[in-house]
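Below is one structure, written out as structure tokens; the observations come after it.
Chain nomenclature is as follows: A, B, C, D, E and F, assigned in order of appearance, with residue numbering initiated at 1 for each chain independently.
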Amino acid sequence: MQNEERVAKGRQLVERMFGDGILNYLEGKAGSEGFGSQGARLALRDIFGGVWVDDTLSPRERSIATLSMLIALRAEGEIQNHVRGAVNNGLSAKEIEALILHSAYYCGFPASGVALQAAETVLTEMGKLNNAE
Amino acid sequence: MQNEERVAKGRQLVERMFGDGILNYLEGKAGSEGFGSQGARLALRDIFGGVWVDDTLSPRERSIATLSMLIALRAEGEIQNHVRGAVNNGLSAKEIEALILHSAYYCGFPASGVALQAAETVLTEMGKLNNAE
Amino acid sequence: MQNEERVAKGRQLVERMFGDGILNYLEGKAGSEGFGSQGARLALRDIFGGVWVDDTLSPRERSIATLSMLIALRAEGEIQNHVRGAVNNGLSAKEIEALILHSAYYCGFPASGVALQAAETVLTEMGKLNNAE
Amino acid sequence: MQNEERVAKGRQLVERMFGDGILNYLEGKAGSEGFGSQGARLALRDIFGGVWVDDTLSPRERSIATLSMLIALRAEGEIQNHVRGAVNNGLSAKEIEALILHSAYYCGFPASGVALQAAETVLTEMGKLNNAE
Amino acid sequence: MQNEERVAKGRQLVERMFGDGILNYLEGKAGSEGFGSQGARLALRDIFGGVWVDDTLSPRERSIATLSMLIALRAEGEIQNHVRGAVNNGLSAKEIEALILHSAYYCGFPASGVALQAAETVLTEMGKLNNAE
Amino acid sequence: MQNEERVAKGRQLVERMFGDGILNYLEGKAGSEGFGSQGARLALRDIFGGVWVDDTLSPRERSIATLSMLIALRAEGEIQNHVRGAVNNGLSAKEIEALILHSAYYCGFPASGVALQAAETVLTEMGKLNNAE
């Protein structure tokens, strides 16, 4: 896969995972020379256009990995983004809950509690937590 | 699945992932009243006989999650154990390397460097890094 | 102590430490199959009905330990809950301040600053910081 | 340098870095016996009147060090304060951005993202991010 | 309590908790101008001669707090020192084990596992883990 | 500066900071397809050939930043490497000691203690700690 092709695939992935609002925001930043523009280029070129599009692991598996890392790091805001991304990469609410419960034993109950709350917020917004559950 | 059945399945998983040396060690501890016995019971009953055997996520996916958390936590010794477990749950050396490279962007290069070294040690011991690679 | 008895004692402890609002919330979650219900069962059965009611350490000592861990982990929201719990397990505002100052040397001044602010908020709400101090 | 002289120099540094609002707040706390007074005395006497005024490293270099530590610790609120301090110790917006990009590789992209946002907020308030950039 | 008196009490505490080897090492460093001398003076004057001798919390309670923070920070080497200190401040092996099990739920199983191993090493050296246990 | 030129400058920096043993090791890895080769390419291309050679901050300042981050992350092995790099970027033993003492207040005394020991080992090897100090 050529470099340009990878970056294009990375942008598609950003759009699918987080929506075109986030994609446009990152592309706007990345195309400027303003504060934070280098970070946006790093995200689009090396993170999404680099590791995420490498199919040694599937997007679903990379969402599991990323959420696990963010929970361990207690990165609250990013957990919300990546719960959305995980759903759009095919994880169900039940699977995300199972991942968070798993984290309770490895990262501690407080870290999993923060994640549970962040996930509940996003899953509710996305209509993934219905009465039947 | 009944409680007893879960714990039995958890023990099988410990044996498959880490070998019967570790299983015997944990069972010996768990069956005693000595120092660390409660921790061993927690591992066998709640962690392996609890979350790990819950099939909402597969053992392969739980290995991805666990390794990701341990890398983020910089838990060097445990990374070695769980690289072994991950291989025995079906991850190839290439997949483990991809996971660690992914972690470089989310947890920082130093955390991924520690993991790379730990993984190289274990994968070499297991004969998973041959010349052809 | 039988299992059931422990869980009952754990619920009493949750009520004393955090109030019946939190107890009812956790029991409601734990009695459902909804998102987060497994986490609530873990809290009531294994954490409060498990380690907290084990009298090898007193509730007062477990509050000191828990607050210390949460400060080190920078778990801001949980610090607020456990300052309340600590007061209800017998720690005075002066003792909580001394614990936070101790943490400045072991966890760094920024971690202790976050804790100081969280504690001041809760202790003020509880009427524990009066003019005389 | 005598002790008293150091503390006096430390207060001047606090005023220059954070403004006299913060200095007055800390001095008010430090002069009282209220909750948090010991922490304020530690800050004025040992941190600002101790390490910060030791000229083995310049204030500019100590701002680089402090921001780096706070980013690694994910100490969001304190990052905001110390971005302000760093500007007042002579770092430009470009230099702060470069430091945060550096941190992306050592502390992970999520940690640098939190810092970037905190820095953007403060630098905008201080009028350091103009259109031309 | 005068400053000098506090420092003297702090030295006695260091000797009781860690033995005179450590006390002599720290005093030697603190009395020199060599590398690390400022750190040794900080330890003797502000940490042991400061917070540790403040009797708002007892040495036993400060040992519980310190161990809890070190477990959460995964500070392996220091855990060994402070297990020794905790025993010399009156904690039994059973109480230390209970504290570590408590930490499994708050800091995660891997953090508690590191602590369990460190504690077992030191408690064995100190002859506190006999057959009867 | 063109991409190729940056990478060439990055290699010179690696050689100056860590010696040609490390440079050869990284180049060997980076030129292979073996385990860890992607990590080595990331280091040479993006970290040393990317941020480190960007002269918005000097190598001396980037060494201060990197050491600060590594101390906060408790990344013991990497601290040793970067103490060596810092000396080769112009920091004296006294300046490194001042940085570590600074970290005691921001990251906690245990984190600074680990760094002090790592630094003492490397500085002694490099002949930077003589009797006169």
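In the analysis below, contacts are C-beta pairs under 8 Å (C-beta built on N, C-alpha and C of every residue); 3 or more make two chains touch, one makes a residue touch a chain.
Treat the numbers as computed from the prediction; the structure is a model and nothing was measured.
Looking across E-F, A-E or B-D, the interface that copies B-E in more than half of its residue contact pairs is found at E-F. Counting C-beta pairs in contact, the pair that comes out ahead of the other among A-E and D-F is D-F.
Where the sister copies chain A and chain C meet, the same residue numbers recur on both sides for under half of the interface positions. We define each chain's centre as the mean of its Cα atoms; on that basis chain A and chain F are separated by 31 Å. Residue positions 46-47, 69-70, 73-74, 97, 101, 104-111 of chain C are each in touch with at least two other chains.
Partner chain C is touched in their complex by these residues of chain D: 33-36, 38-39, 42-43, 47, 69-70, 73-75, 77-78.
By the touch criterion given at the top, residues 104-111 of chain B touch chain D in their complex. If you check the complex, the residues on chain D that touch chain F are 46-47, 50-51, 54, 56-57, 61-62, 64-73, 94-95, 97-99, 101-103, 105-107.
On chain E, the positions that touch chain B within their shared complex are 74, 93, 97, 100-101, 104, 108-114, 116, 119-120, 123, 129, 133.
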